[in-house]
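Multiple structures follow.
What follows is subunit A paired twice: with subunit B in the first complex and subunit C in the second.
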Partner chain A sequence: MGDNIMAYNGGSVIAMAGKNCVAIASDLRYGIQNHTVGFDFPKVQRVNEHTFVGLPGLLTDTQTFHEKLNYRMKMYSLRENREMKPQVVAHMCESLLYERRFGPYFVEPVIAGLENGTTPYLCAMDLIGATLKTQDFVLAGTSSQAMFGLAETLWKPDLDADHLFEVISQVMLNAVDRDALAGWGCRVWVMTPEKVTVRDLKARQD
Partner chain B sequence: MEVLTAHGPKQVGFSPYQDNGGTALAVSGKDFVVIASDTRISTGYSIHTRDGNKITQLTEKCVIASSGMQADIKTLFKVLQMRMKAFEQQHRRHMPTPAIAQMLGNTLYYKRFFPYYTFNILAGLNEEGEGCVYSYDAVGSFQRVPVSCTGSGHELIQPVLDNQIDRAHQKGLGHWDLSELEAVELVKDAFSSACERDIYTGDHVDIAVINKTGIHWDKFDLKFD
Partner chain C sequence: MDSIFGISGRDFVLLAADTSQARSIVVLKTDEDKIMKLDDHKLFAMAGENGDRTAFCEYIQKNLHLYYYRNDLKLSTRAAANYTRKELAEALRSDPYNVNLLLAGYDEEEGASLYFIDYLSSMSKVPFGAHGYAGFFLSGLLDRYWQKDMDREQVLALADRCINELRTRLLVAGNNFTIKIVDKDGIQVVKAASS
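Up next, the complex of A and B:
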């Protein structure tokens, strides 16, 4: 697994907030150290009508954690007969991660959603469930330093859905181009109160 | 290294190197260059000074900026200035920028097996008046480039430069021929962004603009946190 287990598969996710909208983007590479094995492995899933969960890190844990989360969310909706709000999804992730405090899942969740269908909600977590809530952007993955530099420069508050899409796309594309372990295509989801659009970006395939 | 103590042999470590942090950046234009570096000197989580000096003028057309270990930076600058004085005595003229570039590469390679822990950027005007930027590794390999950044903030800033100057991933647009003012604004934005997320970058930025009228220095404030 090498010295850095979070860089074994590689991959990056970023989420940003705009005016009554959120966008989340993920690269599509599936690799095993320096060997690329697949080009259609997004690290983001839409878990319910108003929430996305991105899970960069060790991809076996990405898959397992998505499955655990889906199971818990389905049980919640059966018992409560209502949808889980984004904040509650985040708290559930926190709890699932801390359960494994001394043998953690090697994922760093990035959660984006619209509270009440209108208010942007962003949350990031470390691998043992420490949360960070913010109003601008959250990100994780092997390209995190590159994404931070671009996001700090390009993001501004109250962007509409189209501008937010452009900003998050430029951040993702330019950041993964400087990272050998992320890239091979990018997928961007934009959620507004009316709809969700998903677009694949034309990216360098290396 | 192992030492013998009263309780038996034990391992102690001494590293001759330290990373004092910081970021340096240079952008070249057709007939000017802008070069800048922050002024924070730190070790670990402590700041030694907010008014350090990582950038220095070598001739009236050439400036060098470095990041890495402050002791090696200071010594390297002294050694360079010494060798430049010798050149001026021997050749009866100031050293042109490409010659300084080669000399810096050689100076670094002399210490190939105990390197200067310095990551350098050299910026200046060549004899034709064009802006040049040279980027180095610690042991002297170098290349002339249009734009370069180095130091603790380089991972944050480099993609911003790819996106804003080379205009990568911006359809239909090619390399941007910036004016001096635009270059300075971009450098200030890049440092502001790096300062937000990199703990070793902050306090102030020393900026030098080199053009045919000379070298103009400016100091730009960053956050102190």
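Up next, the complex of A and C:
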């Protein structure tokens, strides 16, 4: 497995907030160390109408954690007869991760959503559930250092949906181009109060 | 080290596996069949430690049969792949199996599909794939020559190309390969392990 288990499969996710909108992007590579196996493995799922959860890290735990989260969210909506808010999704992820404090899931969740359908909510956490909530952008993955530099430079507050899409796409594309373990295509979701658009970016296939 | 690969064509999937069983420097047998029939329209190509390989795959096969007897319903390929992934993932943190898998199947809704599952239980639907050392040699070859909706002759020719590449360049490749195809009519053995 190597010395860095979070870099065994590779992959990156970034989420950004704009004016009444959020965008989240993920690369599409499915790799095993230096060998790329698949090109259609997004690390982000839309878990309910107003929330996305991205899980870069060890991809087996990405899939297992998505399944656990989906199960808990469905049980919640059956019991409470309402949808889970983004903040509640984040708290649930936090507690699911800390349950495994001494044998953790090797994922670093990135959560993006619209509270009440309008107010952007962003949250990131480490593999044992230490959360960070912020108003600008959150990111995780093997390209994190490159993404930080680009996002810090390019992000501005109150971007509308189209500009937010451009900014997040440029950050993602240029960051994964410098990372051998992430890339092979990118998928970007943009959520506004009216709709969600998903687009695949034309990226370097290496 | 086992070599297995799979290639999907129009409405069918081909799986191939080497047939040698070795322990350190000794070749124990050269007619081991590493492609198991899960049911009439599903095949499992298995690579990994011998005991884990047969035990895990028989376990999956028997549980699929049990599901069929209990519920009178054959699982789709996608459902069987997800079930397999779940079993591997549950065992991962207590009693892990060291098995890499390719699951190929045909059903009415999806047509033919091929799933790549590695020993850590990450899974992806792929048009073609190879596990282990074979992956290093064949990924580029399959990228270059695979196209969507290839017919049977084309896929068999591509499989031959792959096998020749492994025979030529992979030090630990077996000489003999078994090849099976699954399509709407079921499973056909193109080349058996003992031939």
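The rule we apply is simple: the second predicted complex is superposed on the first by the 206 of 206 C-alpha atoms of A that agree within 3 Å, B and C clash if a C-alpha of one lies under 4 Å from a C-alpha of the other, contacts with A are read in each partner's own complex, and residues count from 1 in each chain.
Here is the rule we use: a contact is a pair of C-beta atoms (placed from the backbone, for glycine too) under 8 Å apart; a residue touches a chain by one contact, two chains touch by 3 or more.
If you're wondering where the values come from, they're calculated on a predicted model, not measured in any experiment.
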item	value
Contacts of A:L58 with subunit B and subunit C, given as first, second, both or neither	second
Subunit B versus subunit C as contact partner of A:L150, first or second or both or neither	first
Touching partner for A:V37 - first (subunit B), second (subunit C), both, neither	second
Which superposed partner A:L173 touches (first subunit B, second subunit C, both, neither)	first
Contacts of A:G103 with subunit B and subunit C, given as first, second, both or neither	second
Which of subunit B and subunit C A:Q45 touches, first, second, both or neither	neither
Which superposed partner A:N9 touches (first subunit B, second subunit C, both, neither)	second
In the complex with subunit B, residue positions of subunit A that touch it	145-146, 148-150, 152-154, 169-170, 173-175, 177-178
Subunit A-facing residues of subunit C, complex	85-86, 89, 92-93, 116, 118, 120-126, 129, 135-136, 139
Complex interface listing, subunit B residues touching subunit A	153, 155-160, 162-164, 168-170, 189-190, 192-194, 196-197
Interface residues, subunit A side, partner subunit C - complex	8-9, 30, 32, 35-38, 40-41, 58-60, 62-64, 67, 103
